[in-house]
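Okay, structure first, notes after.
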Amino acid sequence: MAEQETPTPQAPAVALPAWEANPVTPDPRDARQHAQVAELAAAVPDAVLEAVDMAGQVTVLVVTERLLEVFRACREQLGYGFLVDCTAVDWRDRPEGRFDVVWWLHRHAGEQRLRLKVRVADGVEVPSATTSWKTANWMEREVWDMFGIRFAGHPNLERILTWEGFTGHPLRKDFPVEGIDTGAAIYPDIYPPGGGPTKAGGAQ
Amino acid sequence: MTNPWVAFVLVPMIKIVVILGTVVLATAYMSFFERRLVGFLQIRLGPNRVGWFGVLQPIADALKLFAKEDIVPSRVEKIVYLSGPVLIIVPSLVVFSVIPFGPPTTLFGLLPEPIAPFVTDINISVLFVMGVSSFGIYGIILGGWASNNKFSLMGGLRSAAQLISYEVPMGFAVVAVLLMAGSLSLVDIIEAQRQAHVWFVFPGIVAFFIYFVCGIAETNRNPFDLPEAEAELVGGFHTEYSGMKFAFYFLAEYANMILISSMATVLFFGGWLRPFPSWGWLSFLDVVPPFLWFVAKVAGFLYCYIWFRGTFPRVRFDQLMALGWKVFIPVSLANLMVIGAVIVLLGGGR
Amino acid sequence: MSQDLYLLSSLPDSEEMEVSFGPQHPATHGVLRVMVRLDGERILDAKPIIGYLHRGTEKLFETMHFNGCIPHTDRLDYTTAAANNQAFVGAVERLMGVTIPPRAAWIRMMLAEMQRLASHIIWLATHALDIGAMSPFFYTFQERESILDLFEEYCGARLTLNAMRVGGQPFDLPEGWLGRLRAFVDQLPARIAEWERLLTGNRIWKQRTVGVGVISAADAINWGLTGPPLRGSGVRWDVRKALPYDGYDEVEFEVPIGQNGDTYDRYLVRMEEMRQSLRILRQCLDRLPDGPVMAKVPKVLKPPKGEVYHSVEGPKGELGFYLVSDGSTQPYRLHVRPSSFINLQSLPELVRGGLVADLVAIIGTLDIVLGEIDR
Amino acid sequence: MSVRKLLTDVLHLDLLAGLWQTARFSMSRKATVEYPEKRLEPAPRFRGMFGFSEERCTTCRACERACPIKIIHIESHLEDVEVDGKKRRKPVLDRYDIDVKRCMFCGLCEEACPTKPKAVWLTTKTYELATYERDMALYFTKERLQSWEGVVAYEGVVPPAAGQTPEDLGGKGGKE
């Protein structure tokens, strides 16, 4: 079936198969009226900035200052017992704040998921979710390591995937894909600044 | 054999050389057989490339280990570190001086008078074996300590604790045999089994079981190979040893396995005696030389060692201790009392 | 997790010892390093140190077109390549609004279940090896070879499959493949019974695993455990049931759970999962729909702006891909929710108070793969 | 404690069952394949060493774009050639290099190739590609890609220059 992939122009068949006749369109829709959002807005008033429903997934943009209350309400009142994941996205030049920090919550009753999001500028501390979910610990360490976003109230905010003494935050958009001169940061007397993997290890 | 030089120097020297050579060769080939047999248990072939069916593999291994660079890590206690392998290999070979491999023989009439195929028969052989073989533990403890490695140290400590815990029930199990035989000499024990018309394994099945399990534990073999537990302690006491120093530990382990198997054969399975020595209709079995009976029994035990290694998971340290102190010691003591009482009831021993 | 773990060696009178367990250690399944603080053999505290295999995969994803990401997802958890492919292409398809043909979905399901079997087989092999039983390693790997042979026949690779594309499957099943899969599915239960004869009832195995590394259901959820570690604690939760994808809402299977949340229960759960995977595979074999295997997707994939999170039940737990697109041909951000990473996090909790041997058993029971943890 | 459990505990039936199982395995057929003498046959779709045909290549660069790690390097120019008496401008390859030492054999280049049969394919069953040096031994220019100089081909496979095509081994380009 390799020819399926080649874009040979074909006349449409008589009847389109079901999976092509009714594609699920992932259009973003406003979701303020969505039950999960409404319930969160009722639990923590004035916390919800925006709510989007896309591809069946609800994203709620939350005020950073109220985040701790939102976490507590989600865990204790709304029954989101399981923090699925936490990460960040770097929108380098966005005026309203460089980073999106994202959490997914899961509620076992009804198997519902909710995505919380805050927008923060570089250098702003985000409240840590570790008080509500223990599992946030490593996720937030990873976000700190990869993006340089600090979490207030985290018990042990160390680098996790890179080593202690590493400079820079690799998943920021301004971090070069080829890597940086890490030798200089660890062994300044052996590797002069400017050496390191960028120049010595280039294959081309 | 009137010349005392011949009787007391030449013959023992020849015997020592022959037995030592045989034992060292046997230990080397034990490693080969273990690898082949474990391979068979694990649906693979094992080493079969060097020589016919791989029979030259131990020689190739030895050459490789000899040729290997002799590494002494920089921060070890040098003297102790280097003496570790010596301390373990010497006792494990010395004990073979009292193991009776067979009855006095003329080697099919080649010799003018029968010669016993063992170095000596001292009247405290059992004590000698247990005492000297326990001495090998110093090699493990000192080697583990001197390596300046935490894993080695833990391996050495485990080994010490294991030895102390299992020496006791093993001793009690042997005492049960001594009660039945009435002698500490290994030759006399075999003789006693001939006179009693039964191997001691039948009256002493519990003692045998305890003896063999303790023997596995003393030789640090699966499922009791905690001192070297690869998955936990990397290599345990021999983590920092390489080349011939490692080979000494390796050979000593196999020598100890052969020793435990030989002792089990002598104490419980009638040594060189054929099965059911008193049943006349089995006398056609006598065409097999007694020495081969001995070897066959030892090989059976060695196969069990390998079989266990291929089958069982490793026990945990505290469970090993609990097994030794809470199960084996009470059971072996009770067994001793029962056997003693039976012997008294049957006629008060010898 | 104590901060001053490194300072202890400066205490001369301390009876405690700290040992660096790994990164080169036979039982750490790769390059995991655990700093353990020991009192004799008892573990006072443990601190996993990871990152030795960090390859910046998430950064690399941002420089590749979407189909080019798929071979890189193979290398996250290199024992579960099919599940990684499935989660990634699922995320892209969800963002693009593509529905794949049923035959493709069922082929994916088959590949994923075969991969689950292969992954559980590796887990069993290494777990038993860590606990000291050497032979199951070889017995199990013999069966894993059969699965890899089937993979090879289907997609041409054994380990790093690259077997799925956005929009469906790149090729249909080869001739006779279903028959060979059926033969394999029919003979595996007997093999599983053989492995269980070596381990399940064995008293040494039980001593080593029962009551070791206990975690309660509430703690398991709080620590974010998914997959067999969560189900071993008695939470009947499985992404395949909770948020069905591909064809999982059309097949019947049970989600096994344990009771005590110990290593032995996790062992039993995984063994039962293998049987359930076989059950799914049998249904796939009986009911595999006909039709094309590729939906119509443009040659150059350009998902709309937006974000989507798609997760599958990988063999190790919930494996999710969070895809943010800015409308270009490359992902703007692609985040992996690595199940082993989050499962490993509970290691200090599980081993505290245990012995060194338990640490090995617990690392084995968490079924971690460092390629996924360090990415 | 049931009788059965008591019996199991005292007679160690659980351990004996394990011993019985390993003994049975020791009798079974060995799974080892003694490699240099015997070797397993790769499946027809197996992705191994590259095959390349210069005459089929249209220099469309689809493979270069499809490669996730950019190890295919193509340079070409247009040349006037005479085909059936007509003058046509035809692209001619100057360079078609594959840096096989970095290749992860994902097969995306083969899938992208629009010619029929493929101009680049991996279904050659040839997998013994280890070399003693890493620099040039696994860097294949277009001549080497066709002549397979220095490559030990799988039994029954001939280099692309000698006529092997993707269909010959029943690979993806073939039946399906």
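When the chains are written out, they are named A, B, C and D in that same order, and each has its own residue count from 1.
Note that a residue touches a chain if its C-beta (ideal position, glycine included) is under 8 Å from a C-beta of that chain, and two chains touch if they have at least 3 such contacts.
Being a predicted model, the structure only gives us computed values, none of them experimental.
Greatest centre-to-centre distance from chain C is found for B, with centres as Cα means. The greater number of contacting C-beta pairs, out of the two interfaces B-C and B-D, is seen for B-C.
Separating the CA-averaged centres of chain A and chain B is a span of 63 Å. Note: centroid distance chain B to chain C, computed from Cα atoms, is 45 Å. Chain A and chain D, compared by their mean Cα positions, are separated by 37 Å. Taking each chain's centre as the average of its CA atoms, chain B and chain D sit 52 Å apart.
The set of chain A residues that touch two or more partner chains comprises 1-2, 5-6. Residue positions of chain D touching 2 or more other chains, listed in rising order: 15, 18, 21-22, 25, 31, 111, 172, 176. Residue positions of chain C touching 2 or more other chains: 135, 138-139, 142, 170-172, 198-199, 202, 204. Within the complex formed with chain C, the chain A residues making contact are 1-2, 4-7, 17, 19-20, 22-26, 28, 54-55, 57, 59, 81-85, 87, 89-90, 102, 104, 108, 111, 113, 115, 133-135, 137-139, 146, 155-156, 159-163, 170-171, 175, 177, 179. Per the touch definition, chain B reaches chain C in the complex via residues 38, 41-44, 150-151, 154, 222-223, 225, 229-234, 309-319.
Within the complex, the chain C residues that touch chain A are 1, 3, 50-51, 54, 56, 58-60, 62-63, 94-102, 165, 168-172, 219, 221-224, 235, 237, 242-243, 291-296, 298-299, 304, 306-309, 311, 318, 320, 322, 324, 332-333, 335, 337, 341-342, 345, 374-375.
Taken in their complex, chain D has these residues touching chain C: 8-9, 12, 14-15, 17-18, 20-22, 25, 31, 42-47, 65-68, 104-108, 111, 122-123, 171-172, 175-176. Considering their complex, residues 17, 19, 25-27, 41, 128-135, 137-139, 142, 198-199, 202, 204-205, 207-208, 355-360 of chain C touch chain B.
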